[in-house]
Amino acid sequence: MSDKTAEKNHEGKPVPFRGGGFLPRPKKIVAPVVFIALIAFWEFGSRSGFISPLVLPAPSEAFDAFLNLVNTGLLWQHLAASLQRLLIGWFSGTLLGIIVGTLIGLFSLARSGLSPLVSAIFPIPKIALLPLFIIWFGIGEGSKVATILFGTFFPTVIATYGGIDNVDRGLIRMGQSFGLTRMSIIRKIILPGALPAILSGARISAAIAIILLVAAEMIAAEYGIGAYILLAGSLMATDQLITGVALLSILGLIFAWIIGRAEKYFLKWR
Amino acid sequence: AADKITVGALRFTSHAPSFVAFEKGYFTDEGLEVEFKFFQAAQPMAVAIASGDVDFGITAISGGLINLAEKGAIKVIGGALQEEPGIDGQIILVSKAAYDEGVTSPAKLKSRSFGITQAGSSFHYMASKIAEKEGFATADIKLVPLQKVGAIIGALKSGQVDSWSIVPHIAKALLKGGEIMQIGMVADYIPDYQVTTVFTSTEIAETKPDLVKRFLKAFSKGADDFNAALVDNTEGEAGAAAMVELIHKYVYADQPIEKAGPSIKNGAMRINKDAALNLTNVKDQLDWFKAEGLVSNDIAIETLVNTDYVEIF
Amino acid sequence: MDLNLRHISHRYDDVEVLRDINLDIRRGQIVCIIGPSGCGKSTLLRMIGGLERPTAGEVLQLGVPPADCLNPLTYIFQDFALLPWRTVEGNVSLVLEDHPMDAAARQEIIQDVLARTKLSDFRKAYPRQLSGGMKQRVAIARALAVRPAVLLMDEPLSALDSQTRELLMDDLVDLWEKENYTAAYVTHNLAEAVRLGHKIVVLSRRPGEIRDIVEIDMPLSARTTENTELEAIQKRLWQLMRDEARAADMELVDE
Amino acid sequence: MSDKTAEKNHEGKPVPFRGGGFLPRPKKIVAPVVFIALIAFWEFGSRSGFISPLVLPAPSEAFDAFLNLVNTGLLWQHLAASLQRLLIGWFSGTLLGIIVGTLIGLFSLARSGLSPLVSAIFPIPKIALLPLFIIWFGIGEGSKVATILFGTFFPTVIATYGGIDNVDRGLIRMGQSFGLTRMSIIRKIILPGALPAILSGARISAAIAIILLVAAEMIAAEYGIGAYILLAGSLMATDQLITGVALLSILGLIFAWIIGRAEKYFLKWR
Amino acid sequence: MDLNLRHISHRYDDVEVLRDINLDIRRGQIVCIIGPSGCGKSTLLRMIGGLERPTAGEVLQLGVPPADCLNPLTYIFQDFALLPWRTVEGNVSLVLEDHPMDAAARQEIIQDVLARTKLSDFRKAYPRQLSGGMKQRVAIARALAVRPAVLLMDEPLSALDSQTRELLMDDLVDLWEKENYTAAYVTHNLAEAVRLGHKIVVLSRRPGEIRDIVEIDMPLSARTTENTELEAIQKRLWQLMRDEARAADMELVDE
């Protein structure tokens, strides 16, 4: 049942289109092309001598170094050592960070006392403290894990209490109005509400943990990707250096992917 | 006009010849206008020479140095610090705890831990040589890479590593504390150890022989003054004091001379006359690096050393 | 159970929000509270429910709530206040979990209230999957689950589009016909007020004072859309408030 | 005109209060008290020998080291050197980051090509690259500034394009509906809309810049707080180490404060 | 200038949103578009303004807009779409800055529209300081600044509380009395539709089709609140839509 008059006019020009755009969509194909082009250019540059081997080894050399790592079986030893440190350090740092962050988020006293401490200690570079860490935590796994723990603890604290601060006050008030106990409100309203912030904090702290791996493995590490990089650096074996750095980068991407999955799973309600 | 050159240096007594040559005008006499670049560690200095930021440097032979030489970037052109029996050289140290457990001589280092900065460093080489001479494998010593001298000191003091070897000015200061004991001298194990060498970029070594010669001449004159004043003690108290005062401008400058003086004196070791180079020992070091798998096996000694400039032995 | 507001006044720091409010909320009555923006309606409702303490005056509870009542004073909020990470069922369950009862009893209550609000098919849905109207139905189901003595509703319909609002208002009327609940109902909407209120309290601009209380005796079921008596009341209320509404609208908010 | 019936009942008990809480407010007084107590305890521990000087020097010793720095005038030299590096590196890293982030935020091609590169390079620890940096940028100020620039560039890119992604599409559509030019929309709607995110990115990148100062000054730096800390570390002069670390921490707080002021100023419309 | 919608259909991927819409919007007429949630009203309005391209069909412009018209098809949005970092004045200025005119001329236009919307006192205020009604007035001022040929309004009043809505509706009526603007007005609210519309287009549930077009000949000024004729039309519209509204409300949203 349409408007009768709509049919009778035939002149008239269409309304000009002025929408669209401003929503860049990544084309899946471009990323691999860029990567491959970049590496091909780099390889070509190295072979033609346009990029001196002193400046950057050819990707093929780095790949040889990688194969060497695989063939000697050292890759797994390095990876195993690093992963163990990363996981223990990151996990305990995150756990402690969530606990302290929750305290700061919930209690005036903790907030007043701890949050300035956190802001004061957060910007301290961990490598500066390595000499002290050796004395405090020994040269075994302790100091390596502690370095990573320290690095991940602070961002987690900040993410957690930021998350708690941003929990919808309306939901808390709802909980109170139904007479929920304080513990119920914390467990069922505040913590789940802060979870998105905590997870995005975990994303950051995972990146920091990987960055700190090199610093951590400055201390008496025989195996580990960080130790491998340090040795390569001191030997000026740039091919191995690039390999180690690429391994770290891949590790970072894997961690980010895992946390992405966790977000999908835990925040499926969004 | 004077040729401008950049010399890389660490604030150690072992770099004193350059400071002496500068302060006493030996560089100027050779028509060189010297600018020092100070480093915290030897490794970046080698890289800086490779990248052309620095023209001359003095440092121990390390894996990094050899690999840079392999890439055609740098060359060793002369010798500097050398171990010499009879002159206080590098000292082998153990922690009090280890000492009490009976590690009273280097022979007992088997299955003990030993602090090094990094695989392929001079500490690594020394540990290896000690093991060899005492008749056990390097693998029998637990090498602990701690990246920085400071970290090793901390670990040694707190008993987390058992042993270490280090230049005398640091060692003697540590021995005063009582937490650390001396058990031997490196000179007894590597009698003619060429600890540090003079090096430059391949480009300079091959295209500017004149510049290299002038630098080495001035450097040697500085070394002679230094040896005379602090190693052979032929200049008397006053000469020694004057030398210490000169060096103090560069080393431990932030401490008062009363505190810095002894440290400077303690660090005095022989600098090779005329920058002569102990090629035999350098070869031994290179072979050791190869054996440890730290550098490629096909590096020839000529790749590392340019023997055109100084006397070799 | 009746409620009795006695001389309630309130101020936030240097802002006086409410001034000497005296009011009775009697069993089975819906009391509508209307007034211009920012006059303190929500604040007053928070005080009735014990979520905020008035600077002066008190809210008294007269008589005891029925024995099976789990939460005598129960809110329904404008923004629904559903936990987005719980399903419809989980949101209702939330308010029962702190009360001692076994799982079967809890399940039974949940089934019952979802059935009464026609939500049984949506038990497993998350709030984000629901339209505004459905969300508010979940909030109503949740409120019914604790068998309240008094419902406190803060503009429960104003986040909804007007068609859904119409539908939900019918539901509220039906529910009242069946259960005769007691309620304090805050709204901006005069049509809602005349449709639902047994008593309409008109507040002035901030500081909110009671300007008028209008009682409507007509039974809720008789209040259909075409009703000249109600129209007249609504018009009178609008004349009472129009200038104040305009003035409130023109106020600059400055934190 | 109050309700008549309200006066007649006098029995009845007040409605129980169940609101409040969950809004921790920092008490201004607590933070300084905690700081002072902590330092007093530490000083006391050191003096009584309960904390061995090897483990941690007394605060008074660290303060002596600080006074020594002030008296020799070295403090200003160190600070000047570090500040110069920090400001140049941070400023150029942020500027480049905003430009690249804007490109990624606006153009599909840039997003597809650059954003995976950014995620791959971001988690690489800068200390691992130091040997290469020396070759690439020399041992002068170049490599130090480059280290800081690299460190601040990536978080700024991510913050910027995240901010642009979150600009209210409704505002962009409004701009289009009024026929604004593309450039106007970018300049007047998108960039101001992304500003809050960019500023909070700046907060993070400033912290990272300070953390990287130590790494940057590993390269042939004579003066600079990082160099001072490294020297102290290598001499195991823990008093100087603590002083240096405290200086960094204060620097971090000052930076955070400045960015806080900038936020207040630029985002006064919020 | 008239607009003519011819056979407009639209789908988003696999969701059909609009189906064969034919419609005329004639000069000086307010055309109200009503329909249940999600039926495609906003999508249709975006197509009329050229912000989106229909999958099939076209929107034609008949005749030319007046010469002084800077932006023939101008929107007023539900969420106001004011730039929060610009003052009232700045927000109006925004839409003039891309047109060639000198600063004095621009100032003059701004002064004029702010005066017409009674906002002159609020020139320097930021949006966060304004109430919802004031914000929408700023959006109206901004729209008037470009002298539109047709106003496209997407539920302009539904983010406001009902008292403010009442006030603003009066303002829109006054404005129309003075300027006789042409408009397409999307709303959920039947009362608004019968108050403002010369023609009311009723859409069905998604996919939106035209179910009915109701023309009301009564002049706007004559449409006061008590008007049985309008009441009857509104009631008829509600009966037409009630079931669909209910069904639309019960739909699960699933992205």
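So that you can tell them apart, the chains are marked A, B, C, D and E in the order they are listed, and the count of residues begins at 1 in each.
Just so we're on the same page, a contact is a pair of C-beta atoms (placed from the backbone, for glycine too) under 8 Å apart; a residue touches a chain by one contact, two chains touch by 3 or more.
If you're wondering where the values come from, they're calculated on a predicted model, not measured in any experiment.
Peer 1: Using the contact definition stated above, find the chains touching both chain D and chain E.
Peer 2: Touches both chain D and chain E: A, C.
Peer 1: What is the touch distance from chain B to chain E, in steps?
Peer 2: Minimum step count, chain B to chain E: 2.
Peer 1: What pair of chains is linked by the most C-beta contacts?
Peer 2: A-D
Peer 1: Match interface D-E to one of C-D, A-E or A-C, accepting only the pair for which over half of the contact pairs are the same residue numbers.
Peer 2: A-C
Peer 1: Compared with chain C, which chain's mean CA position is the farthest off?
Peer 2: B
Peer 1: Determine whether chain C and chain E, two copies of the same sequence, contact each other through the same residue numbers or different ones, counting it as same when over half of the numbers at the interface appear on both sides.
Peer 2: Answer same: the two copies use largely identical residue numbers here.
Peer 1: Between chain A and chain B, what distance separates the C-alpha centroids? Give it in angstrom.
Peer 2: That pair's centroid distance is 41 Å.
Peer 1: What is the distance, in whole Å, between the centres of chain C and chain D, each centre taken as the mean of its C-alpha atoms?
Peer 2: Result: the chain centres lie 46 Å from each other.
Peer 1: How many angstrom lie between the CA centroids of chain B and chain C, rounded to a whole number?
Peer 2: 84
Peer 1: From the mean C-alpha coordinate of chain C to that of chain E, what's the distance rounded to whole Å?
Peer 2: Comparing mean C-alpha positions, chain E is 31 Å from chain C.
Peer 1: Of all the residues in chain C, which ones touch at least 2 other chains?
Peer 2: Residues 49, 51, 73, 128 of chain C each touch two or more of the other chains.
Peer 1: Touching two or more other chains, which residues of chain B qualify?
Peer 2: As it turns out, chain B has residues touching two or more other chains at 43, 47, 50-51, 148, 150-151, 154, 158.
Peer 1: Give me the residues of chain D that touch two or more other chains.
Peer 2: 18-19, 54, 130-131, 135, 173, 176-177, 179, 230, 233, 236, in rising order.
Peer 1: Following the definition at the start, I'd like every touching pair of chains, please.
Peer 2: Pairs flagged as touching, ordered by label: A-B, A-C, A-D, A-E, B-D, C-D, C-E, D-E.
Peer 1: Inside the complex, what are the residues of chain B that reach chain D?
Peer 2: For this pair, the touching residues of chain B are 37-41, 43-45, 47-48, 50-51, 53-54, 148-151, 153-154, 157-158, 254.
Peer 1: Give the list of chain A residues in touch with chain D in this complex.
Peer 2: Per the stated touch rule, the residues are 18-19, 21-31, 34-35, 38, 54-56, 104-117, 119-132, 135-136, 169, 172-173, 176-177, 179, 182, 185, 190, 207, 210-215, 226, 229-230, 233, 236, 238, 241, 244-245, 248-249, 251-253, 256.
Peer 1: Give the list of chain C residues in touch with chain D in this complex.
Peer 2: Within the complex, chain C contacts chain D at residues 2-6, 20-24, 26, 46, 48-53, 58-63, 73, 210-213.
Peer 1: Which residues of chain A touch chain B in the complex?
Peer 2: 53-54, 130-131, 134-135, 138-139, 218-222, 227, 230-231, 233-237
Peer 1: What does chain E use to touch chain C in their complex?
Peer 2: 36-37, 122, 125, 128-131, 133-134, 158, 161-164, 166-167, 187-192, 225-226, 228, 231, 234-235, 238, 241-242, 245-246, 248-254
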